[in-house]
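As structure tokens, the structure follows; a few thoughts come after it.
As written, the chain order gives the labels A, B, C and D, with residue 1 at the start of each chain.
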Amino acid sequence: MRKDKPCVLKVEDITMQFGGVVAVNNFSMEEYEGEIVAIIGPNGAGKTTAFNVITGVYAPTNGRVSFNGERVIENFPRGKMKKAYLGQNAGKYTGHLEPTPDKLTALGMARTFQNIRLWKSMTVFDNVLIAKHLKRTSNLFSATFGANRVEEQMQREEADALLETVGLADVRDELATSLPYGKQRRLEIARALATEPKLLLLDEPAAGMNPQETVELTKFIGEIRDQFHVSILLIEHHMDLVMDISERIYVLDFGSMIASGTPAEIQTNEKVIDAYLGVTDDA
Amino acid sequence: MKQVNASQSSKKSSWISFLITLAFLALVFCLDQIIKPTNKMYMLLTVLQKGSVYALAAVSMNLLNGYTGLFSLGHAGFMLIGAYTYAIFTIPSSARDTVYQYFDAAIRVSFPEVLSNMMGPAGTALGVLAAVILAGLMAAFFAYLIGLPVLRLKSDYLAIATLGFAEIIRAMFQWQKLGPITNGSNLLKSFARTSKFKLEVGDTKLVLSTFVPVLIATASIFIIVKLVNSTYGRAFKAIRDDEVAAEAMGINLAKHKMISFTVSSFFAGVSGAMMAMVLSIAQASNFKSAMTYEILLMVVLGGIGSISGSVIGSLLFVAASEWWLRGLDSGTFLGINAPGVFRNGFRLVVFSIIIMIVVLFFRKGIMGEKEISDLFRARKKKARGAAQ
Amino acid sequence: MAKTILPYIISGISVGGQYALIAIGYTMVYGILRLINFAHGDVFMVAGLMMVYMAAALPLYIAIPLMIILTVFLGFMIERVAYRPLRTAPRMSVMISAIGVSYLIQNLALYITGGLNKNYPAIPWISDRVTVFGMETSRVTIITPFLTIILVVALVQLINHTKIGMAMRAVSLNFETSQLMGIRINNVISATFIIGTFLAAVGSMLFFTNYPGVVPTSGAMPGLKAFVAAVFGGIGSIPGAVIGAFIIGIAESLIKGLDTILIVHGTITEQIGFATFSDAFTFVLLIIVLVFKPTGLFGEKTTDKV
Amino acid sequence: MKKILSIALILCLVMALAPMAFADNPVVKIGVFEPQSGDNGAGGKQEVLGMQYANKLTPTVEIGGTEYDVQLVYADNASSNDKAPTAAQDLISNGVSLVLGSYGSGVSIAASDTFANAGVPAIGVTCTNPQVTADCEVYFRICFLDPFQGTVLANFAKNELGATKAYCLAKLGDDYSGGLCNFFIDAFGKDNCVYEQFPEGTSDFSTYITNAQNQGCDVFFSPVSTEAAAQIIAKADTQALGMPILAGDTWDSNVILNAAKGTDVQICVTTFYQEGADAEFDAGIKEWIRSDSTALANNGGNDELAAVTVMGYDAYYVALEALKAAGSVDPEDVLEAIPSVEYAGVTGNIAFDDIGDALRDSAFVKSCNTETGVWDFVSVATVD
């Protein structure tokens, strides 16, 4: 643990309830600057839901998320949920902050998706360039009438530089969807990096990859952490990858956290072994 | 190295497009002087006039439906607002009481009149321009108000809600109680219109009836092209391709959808104003949802997501329905004389069958998602390839 | 007061019943294909036109069933020709195709009728004048709501208790899965169109007997209003569409008479002109529902998955 | 498949541009600017019948010493104000010397600017709204105006029918019915009138009937298109309206007679012509209508004469007079000649005032005989 570094992400008592189903139950975690942290768990454990709460896709039913020491998401059971709430810590939070995902991205969070969501009709270069839109200073009029030429040129150069770094410069003008699977993953990460995040959230980055590609990806994730000075939070099924690069791991099962610790600790944790027993997922 | 080449060639092709546009405008200006209304070929100018109105309407709809992926069917409503705003603010005071024959006109300002009193003949042109811009702004303002509740809706719900709003706007403008402003449901006329646009150089009067609408449409479409190619335009396309990803990459959906919606409506308002000046009347009952459907079909014909496609589509649509296929209605077509079959309404039947064929078999329309400038580029690449 | 309002309510219920029969077609098609079948209102108009032409040549007992059969065939063919080839295309393309079909049908009708108003034949008995609660009206006004309810009950029985009905419900829940489960999607969709157009044909008979003029655009407004009714009641839900249609029919009738009601009641002394908004008000209702309860009165909530 | 289709499509478009055949004799073209479809399609067709009949009787005209064949060139304005300017332009481009029409005031107003721009004169046949000729130098008309007609109808309602409260119903955005209602209200007294407008596409008129009944009106004034009229009459019958229906010249049509036959609705209209005023003419045109199946269909399936047909007939001869007076087929000369044209037509003497309106000071009032389905003459009305 890098407790000496400032805390990038702090998740406190997040509960996400859909109707009568509690998908994430009282989940808390921290991540410090420069760390690579993984959330693992069997299928349906609530990993992606937790991810979606942190990135603002869902508003949590209860709990708080702080980013860079700033409170960004907070909610408590309200309205109909007041009676129907099944989780804990009902009275603990009283604030109500429900930013849309783009606000969080503007603060410095960027994510990828489990099922790749690139902009299909656009080239590799455009996919990266559009992510730069966030960093613009131009307004509608200056952009339309070309008064932002300097900025536009700069963003284009930055996008090209980024493609060079991630090794996609040679397919710059190809359609994003025409790339092989591994490169699409890589492009999605590059696109997220283009928003200049402090925290990068990767949702199953190795899903559907062969062992060779997974090894490359593992290396790639380590490289971007060092090169772009980002902290990384990832969900993954590939245990090799997780054990290889993450410094700490949180384990979810049926929405609740059952363990947390270093890879070595997790590998020997009884509860984790129980949770995975019989349903070992090596997809 | 490759990038530099690409951007250079795109610069070159945009220069070519610019020159072609200039040449086209000059040609229209000349045609305006040569062809008199009693000439058989005047239909060409009529088509250009109406075509430029619909071209702008189609391009502005394409900005919303094709580039941002928001399926809105409220276009006729915004055009109506534009047409009325333009008409009301350009009716000369001498004609006002004749036009508002059953009401006491509440708005008694005529931009061209006020400005020409201040600065002479140039003021008239400026007044018309001011009214056109105000027409766009009014439409954009209404769009903003409507957008607040409806832009959250998804695809077909958005379509039906905007369609509903267009109908509500139409009813509002026909309401007797607003008569002093809108002249009730009666038509507005006698305002500044293209048939009166003349440029006096010495003793000769130069006719501008076709040139002005074509110029306004060209300038507006030029701005839309610039917008689409800007960072905002790219953000719109991102929203169209994948809303969730766009939002995750920091694009504020509500804000960008609203921008697209209001800008699109602004130009719909401008095209409404142009429609008023070309037809020389403005009346709410003309702006029915059928008009929106027609514009949508023009966009489809040209190719959803292609601006030059929309322009070509609308010009073809207008030319075919108003001019080329007219023979189908009046007994003789292609030299075949069959009054029994070629009678009133047959033109529209043939025309709608053509549309259905395009919709079913040529789903990408004429241009797909390509632009005319892409074609130059492609040809050049090919030529270069052949030379090597 | 009651005597003033009653005629509006009765006429509203009657219009509502006719909208309901059209609305079912919309709601069923939308439930299964997620398509706003813009041409449905025009099929309704064609049913009216066919009746006009056939009644001129044939006795009514042949003309009516023949009209219904031909209308059903038309609905079936539209799906076959204009929607089926686009099954894998984006939703916008199918909707555009629907708008195109509507455009084609209207223009075809314009060509055939020469753009003139066609008088709907009087159908004996149902177009007779009757007196209800001391109010003069035609019999069709009275029987429409009852006939509508009978047909809807029959339809609900069909959907709940037959094999094809079960298949329809399955397909509307999940298109792909039902396909995998061996349901013949195309047959189900055709059946949906057949039922929808059958009801529209019956509805057209009631509607045009009540308002006996058929023009090419006759179907557009009733069609749009019926669709609004379907959205209002919660699209995909048949009872919802029917209740929505009745609400819209009554509201429309009341708003047309609102000036008079208020004047007779003494609330206002001068005309306000609410009648201008008789069509627009339907859309006001629609937008209120969409903004505050997007799934309609009886629709089910769905969540998007990321 | 796609290739063949696209080639076929292109071929169609290209071939459409192929020139049309020309006639050998010198031809003078008269434009017929009338609705052939839409709300006013039926009325427009009846108006054209008169012109066609006149053209059949007098197919040639001598202009400046040369015998010309008169060719009627048609353009359908589809009863729609936004289609009207293009239809007008179509006529102008076809080289017409002058234009007749249109039935319905809105389309005439909409097209007036197009005619003015080209300097082609137009003679309105039955467009009665004052705005048609106001502010337009090339538009003339041979019919009376709405302020006149509205006053005649209001006087008739007050004096003959003894009405004290009138229900006025117009169509939204229709210059004819809206205008006529306004002038009727002016003459009848604003406080005694209930004025309502229905949106386009309305088919349910029962509520408006109920409104009239509930507000205790004793005359129902609805000078709307014949299409809506048929519906109103049907509803008035089933709901036992209980007051006479009053309307303007558009209702002088056999669409109304067909709808009213066998009902117990009382209908009165003002119009330009009463059948029987010129027996020889009546017999001739009826004979022609019966013998020509298209004409019969356009007249609504019987030989009952509509006043607009007779007006169309007169308009044709006024046009010939204008051509003769001009001594040339050039629209400019015709335009100059029209103001001084005078012609004794079947519907009375026709001459123009300074604005281009007809000097007419009387209208016929007719009522519908619901048993026999014909018009009964009531009176000739004038305004002091």
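As a working rule, a contact is a pair of C-beta atoms (placed from the backbone, for glycine too) under 8 Å apart; a residue touches a chain by one contact, two chains touch by 3 or more.
As the structure is a computational prediction, the values presented were derived from the model and not from experiment.
Asks: Tell me which of B-D and A-B has more C-beta pairs in contact.
Replies: Output for the comparison: B-D.
Asks: Report the chain closest to the protein's overall CA mean, measuring from each chain's own CA mean.
Replies: B
Asks: How many angstrom lie between the centres of chain B and chain C, each centre taken as the mean Cα position?
Replies: 33
Asks: Just how far, in Å, is the C-alpha centre of chain D from the one of chain A?
Replies: That gives a centre separation of 72 Å.
Asks: When the centre of a chain is set as the mean of its C-alpha atoms, what distance in Å lies between chain A and chain B?
Replies: 44
Asks: Check each residue of chain B and list the ones that touch at least two other chains.
Replies: Only 171, 174, 176, 185, 244, 344-345 qualify.
Asks: For chain C, give me the residues that contact two or more of the other chains.
Replies: 110, 114-115, 220, 271, 273, 276, 279-280, 306
Asks: Provide the list of chain A residues touching at least two other chains, using ranges where the numbers run on.
Replies: 57, 113, in rising order.
Asks: Residue numbers of chain D touching chain C in their complex, please.
Replies: For this pair, the touching residues of chain D are 36-38, 41-42, 45, 78, 172, 194-199, 201-208, 210-211, 214-215, 226-228, 230-231, 234-235, 237-240, 255, 258-259.
Asks: Which residues, counting only chain C, touch chain D once they are in their complex?
Replies: Going through chain C, the ones touching chain D are 4, 7-8, 11, 15, 110, 114-117, 119, 129, 135-138, 141, 207, 210-213, 215, 217-218, 220-222, 252-253, 256-257, 259-261, 263-264, 271, 273, 275-276, 278-280.
Asks: Once bound in the complex, which stretches of chain B touch chain C?
Replies: Interface residues on the chain B side: 65, 71, 149-150, 153, 155-157, 159-161, 163-165, 167-168, 170-172, 174-177, 185, 244, 289-290, 293, 296-297, 300, 304, 343-346, 348-349, 351-353, 355-356, 359-360, 363.
Asks: In the complex of these two chains, what residues of chain B are touching chain A?
Replies: It is residues 2-3, 6, 223, 226-227, 230-232, 234-235, 237-238, 240-242, 244-254, 259, 263, 305, 369 of chain B that touch chain A.
Asks: Taking the complex as given, what residues does chain C use to touch chain B?
Replies: 34, 36, 81-82, 85-86, 89, 91-93, 95-97, 99-104, 107-108, 110-112, 114-115, 220, 224, 227-228, 231, 271-273, 276-277, 279-280, 282-284, 286-287, 290-291, 294, 306
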